[in-house]
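Chain naming follows the written order as A, B, C and D, and within any one chain the residues start at number 1.
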Amino acid sequence: MVEIVLESSGLTMRFGGVVANDNVNLKLQARELRCLIGPNGAGKSTFFKCVAGLLTPSEGQIFMRGQEVTGWRPHQIASLGVGIKTQTPNVMDGLSVRENIWMAARRFHSAVEARERGDAMIDRLALGAIAKTDLGQLAHGERQLVELGLVAVGDPWLVLLDEPAAGMSAEDVARMTEIIHELTRTAAVVVVEHDMQFIRSIAETVTVFHQGAVLMEDHVDRVMADQTVRNVYLGKKA
Amino acid sequence: MQTPVSKDILTTLVVSAILIWLAPYVIGTYTLTVLIIYGMLGLSLGLIWGFGGILCFGQGAFFGLGAYTYAIAAINFGESTLPMVLAVLVPATFALLLGAMMFYGRLTDVYLGVITLVVTLILFKFINSTAGPQYVIGKARLGGYNGIPGFQTLNVPGNPDAYIWGDAYYYFCAVALVIVFLLVTFLLRSSFGRIAVGIRENEVRIALMGYDVAARKTVLFGIGAAIAGLAGALFANWGEIVTPTLFNMPQSAEIIIWCIVGGLGTRLGPILGAAGLAYMKFLLGQQSTIDNTLITGLILVLFVLFLPKGVVPAFSGLWKISFGRRGFGKMHDTRRKRRARHG
Amino acid sequence: MSLNRRELLGGAAALTAASLLPRVAMAGDVIKLGSILDTSGPFDAYGKPMDQAMRLAVQEINAAGGLLGKQVEVTAYDTQSDMALYSQYGQQLTRQDKVDVVHGGILSASREAIRQTMRKTKTLYFYNVLYEGGVCDRNIFINGVTPAQQVEALVPYAMKKSGPKVYILAADYNYGQITSRWIQKFVAENGGEVVGNDFFPLDVSDFGSTIAKIQGVGPDLVIAPLVGGAHLSFFRQWAASGMKDKIALASTTLGVGNEQKVLTPEEGDGIMVAYNYSQQLDTPENKAFKTAWAAAYGSSDNIHETAVSTYQGVKTWAKAVEMAGSMDRDAIIAALESGISIDGPGGKITVDPKTHHAVLDVHLMEFENQEMKVIETLPQRQPIDTQAVCDLASNPNDNTQYEL
Amino acid sequence: MDLSFVFLVEVLYAVATLVVISAGLAVVFGMMKVINLAHGEFMMMGGYATITAVNLGVNVFVAMLVIAPLVVGLIGLVVERLVIRHLYGRLVDTMLATWGLSLFFVGMATMIFGNTTTGISTPIPGFAVGDYQINGYNFFIIVVAVALLVLLFAVLRGTRAGLIARGAMQRSDMAAALGYSPDRIYMATFFCGSALSGLAGAIVAPLVGLVPTSGINYIAKSFITVVAGGPSLIAGLVSSATSFGVVNQVFAFAVSPIMGDVALLVTAVILLRLMPQGITSRFFKGKL
């Protein structure tokens, strides 16, 4: 029996009259890498926010490792051991790389241990040269990388990433891909992305969102070959 | 990285000892005492605003609450030790309740400002309308607009007849400020303090790391109020009367101005800003050519426009450029906290 | 004691005499009179002429050769209508400036803010304002009108002219609270009934709902111990809603700051008051006083009740100093307690030894064409309210403000 | 019956007063996301402009409705050019700078007019309703408030300037893309907002004693009204002014005026706790 780390059941989210998510059922196994794709407005980011606790769903339930977490606040979900990275780089601009990563590690470890783990993470990400630099002075790609470090340093068993590759150079993307694969050794990873190139390079199973609902869920190759998915992406009527 | 803790403490102690010894030769101790008290009040807002990103428009409320708590308790107990403790605890508790209401309600910037402002106004209006004999707490009449005069002032613990006043009271306040300053230093070096700075920089990120941001902001808010309450109690002892003007808007406004002029994100800035501006106001109050308020206003406008970081960070920056090291008043050297200041 | 440079230098010289007669030694060759008044802010209508009156009195004393052969020097602070500044300047006057006597304080709140400081530092204190009565403290002398002198005269007169149902609107601090209780007492004694009693903090300036409420109750007479600039709007709004000719109006404070000149005749005429002074008093003392004032300040238009009280207070103090023949506080108090009196612009005024209050003339008046027309003079009224509770002769250590 | 009518007038008057004293702040906040903490002092200057003009022999209505808004509008223009325009997009900094300006103007007025209470009499006589007398000036304020709202609505809905302004409210870059300089839009908006503040100060001047520090009495109330109203300009103003005005008067009648003020403030706290972005973030969404 494989452990289910994330499950949504009948998840529905409405904003006024707009239905952003409509009865989404999704299951994720331990150490699975899952990509959520779909055109703009398909509801994948809304789903992500519901799971991360940034939004409270109108209906339905969310379970993590069998525990219901519907309506929990982000910090409660993160405390379970869930690493979350939002769409735009969400870091402490006025603080150094080391201070940023230390704070993330401090949540689960003592101050001294947090420092050791932080330094180890900086080495792992090869950020040693800029460890004392304030985040605000770094390039976009470096900031994304630091944020991934913030997520990884907490040793999560579930990682939620919203468009991690957006606006990054090819070189940075390669590094990112490597880190994501490394993460899947210990954690299940959910990646929300619309860059097909990137998805092809990392994905196995893909869930396609369309008009707030799950259109299909299958291996990346079969999804890419599917005519309905192609139509959705090209804007034709499914 | 940061200077070692021991060196920081040593510098603080040596510099403050010299200042405490020399200052009375320049300014009378009676005036100095109130400058020190204002410094402590400035530090209380400097802590929660400069390091925690919480812009409180009603820091004066906690100051007033501390002063009133002291006065009421001192009348009832006839000695000053327990009242001093209560003057710290009551504002802190009040702030914890208020903070929990605001921060768990996810109120930010302007809305936070409105709530703190409104609560201050409510306290002011309430205290101001308690002139009638029915408003009594124990033996203490609240007195409304008149305030409460004639309470027991600071005495040696256990001996209500041994008053600490005059020069002795000046040294008492100065030492109190040094202790509070050191406590704030420790707090900011602790994990709690460092994460508070993280919250100022990016609340969402800290929450996504798994920290309970609302709880942490509430606690920091409470600590700020405790310091303001202590300053209030010291002020009550200095003035020997408490009046509702402690709660009013201009009082809270001035605290914000002290912090801006002195420098946010530093420990020393708000203290120097408070003492400096209060002394300037005192000097200006003795002349009548130019209106006092006009100058205060002009200073605030000019600082926001031309020196928004305040005096201490500006000098600290100069020091850093000239000597290649940190100025002693600075900690967690941050660039301007755009997010915290601009919502 | 503070360690400023001036005192370090002066300290040595004063050292020998200091232990015996500190105040005289410090004062040197002048007598220092400290003054503490709101000469700006909402209460400056009271404070400015009081400051002028104090300076006029000192000027006259100095012109006549000073006191005990010394000139009187004024140290004055403007408290800007801010009660917090009273305690600060009170401390400065006594601890830094070390004055011989303090005249000042306007609102009861301001008097209570500094009274204890004066007592602790043994600085003689004169409070020259009409007030709610009851202060019993050997260190303070009060020559303003108290409720028994004023309200006891005003209430029956006003009720006789209007009717028995009275509505009270009072300022919400100790003056208003206590005065309204006196009004209630005298209304009841005169067979009337108090049908409403509202209190207003000093910054309230919108009386719309109150005026409607009063109409709902329908009294014959409104008595208004309202204080300060903001409360003046009540009389404007009262007239603006056309109530002035329907319900009679009396006040225990209006006119003290010359409000009859700020209000138009349409707003003011007919309002009943009772004070120790009116510019329309036809006595030789008043005429001389107005002439001296006009000579000093150009016009005598701004003289009012508390200015005259201040003038009379300084003159009373001066007479006591000459009588005591020294600047020793206890000698001056003894002189004052001998029951000395002076003839001031408001009539004869005598110190009551038991209470340190004043025995004085009270004049019933009505506003007429921006003046206070004297209707009737009640001579030499005793402060019986305070006399009932305070006896400094038998209990000199008393330090209380008694309330009704 | 008569008493309930009097009560109704007092409630309407309270609502109208809140609308009048908040309109200037609301325009500036709604369009520019600038909280002008010198708003109270703009009102104070409007009051002094009126009183000075009346003392110089100008008709009181001309002074209130023309001179005061013009004078204060021009002062606002100068302030915008010298200070505010350097701080756009920095909400807290503009609040602090305008706070400084408010102190500056208090000091200025103190030096020019002295720290004393001045005032003028109300220009409209009271009249009787049954057994009750009503302050005629209350009706004037109600009329002005209604006229102000209608005018605002008409300008925003019916004119080209209003269209641009509405565009700027939604997306400031939009107006720029259409070829209108945001700089000039902001300048014009601040002028209008200041003029409205000046008008408000002039209108309330006859009811109260005016001192240089009078502004403080208004800024808190109008600040709270505007922020509690939320993003929609007119709907927000009307809805929060109505809630606060009614609460204020009910408690003022039932208990005392001071309890009316306290009840207003408590309502504000509750409203903001329930609707952290203001009333119109939940209701009347997307309306003007």
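Here is the rule we use: a residue touches a chain if its C-beta (ideal position, glycine included) is under 8 Å from a C-beta of that chain, and two chains touch if they have at least 3 such contacts.
Please read all numbers here as calculations on a predicted model, not as lab measurements.
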Steps in the shortest chain-to-chain touch route ending at chain C and beginning at chain A: 2
Chain pair, A-B or B-D, that carries the greater number of C-beta contacts: B-D
Identifier of the chain whose CA centre is least distant from the whole-structure CA centre: B
Intercentroid distance (Cα basis), chain D paired with chain A, Å: 47
For chain A paired with chain B, centre-to-centre distance based on mean C-alpha positions, whole Å: 42
Geometric centre distance via CA averages, chain D-chain B, whole Å: 32
Distance between the centres, which are taken as Cα means, of chain D and chain C, whole angstrom: 39
Contacts with 2+ other chains: residues of chain B: 125, 128-129
Contacts with 2+ other chains: residues of chain A: none
Two or more partner chains touched - positions in chain D: 110, 258
Touching chain combinations (by label order): A-B, B-C, B-D, C-D
Chain B-facing residues of chain A, complex: 52, 54, 73-76, 78-79, 84-86, 90-95, 99-100, 102-104, 106-108, 111, 134, 136, 147, 150, 154
Contact set on chain B toward chain D in their complex: 55, 101, 105-111, 113-115, 117-119, 121-122, 125-126, 128-129, 249-250, 253, 256-257, 260, 290-305, 308, 341-343
Residues of chain C touching chain B in the complex: 1-5, 82-84, 87-88, 91-92, 95-96, 108-109, 112-113, 115-117, 172-174, 176-177, 199, 201-203, 403
In the complex with chain C, residue positions of chain B that touch it: 24-25, 27-30, 34, 125, 128-129, 131-133, 143-147, 149-150, 166-167, 239-241, 243, 245-246
Sites on chain B touched by chain A in the complex: 191, 194-195, 197-198, 200-202, 204-213, 332, 334-339
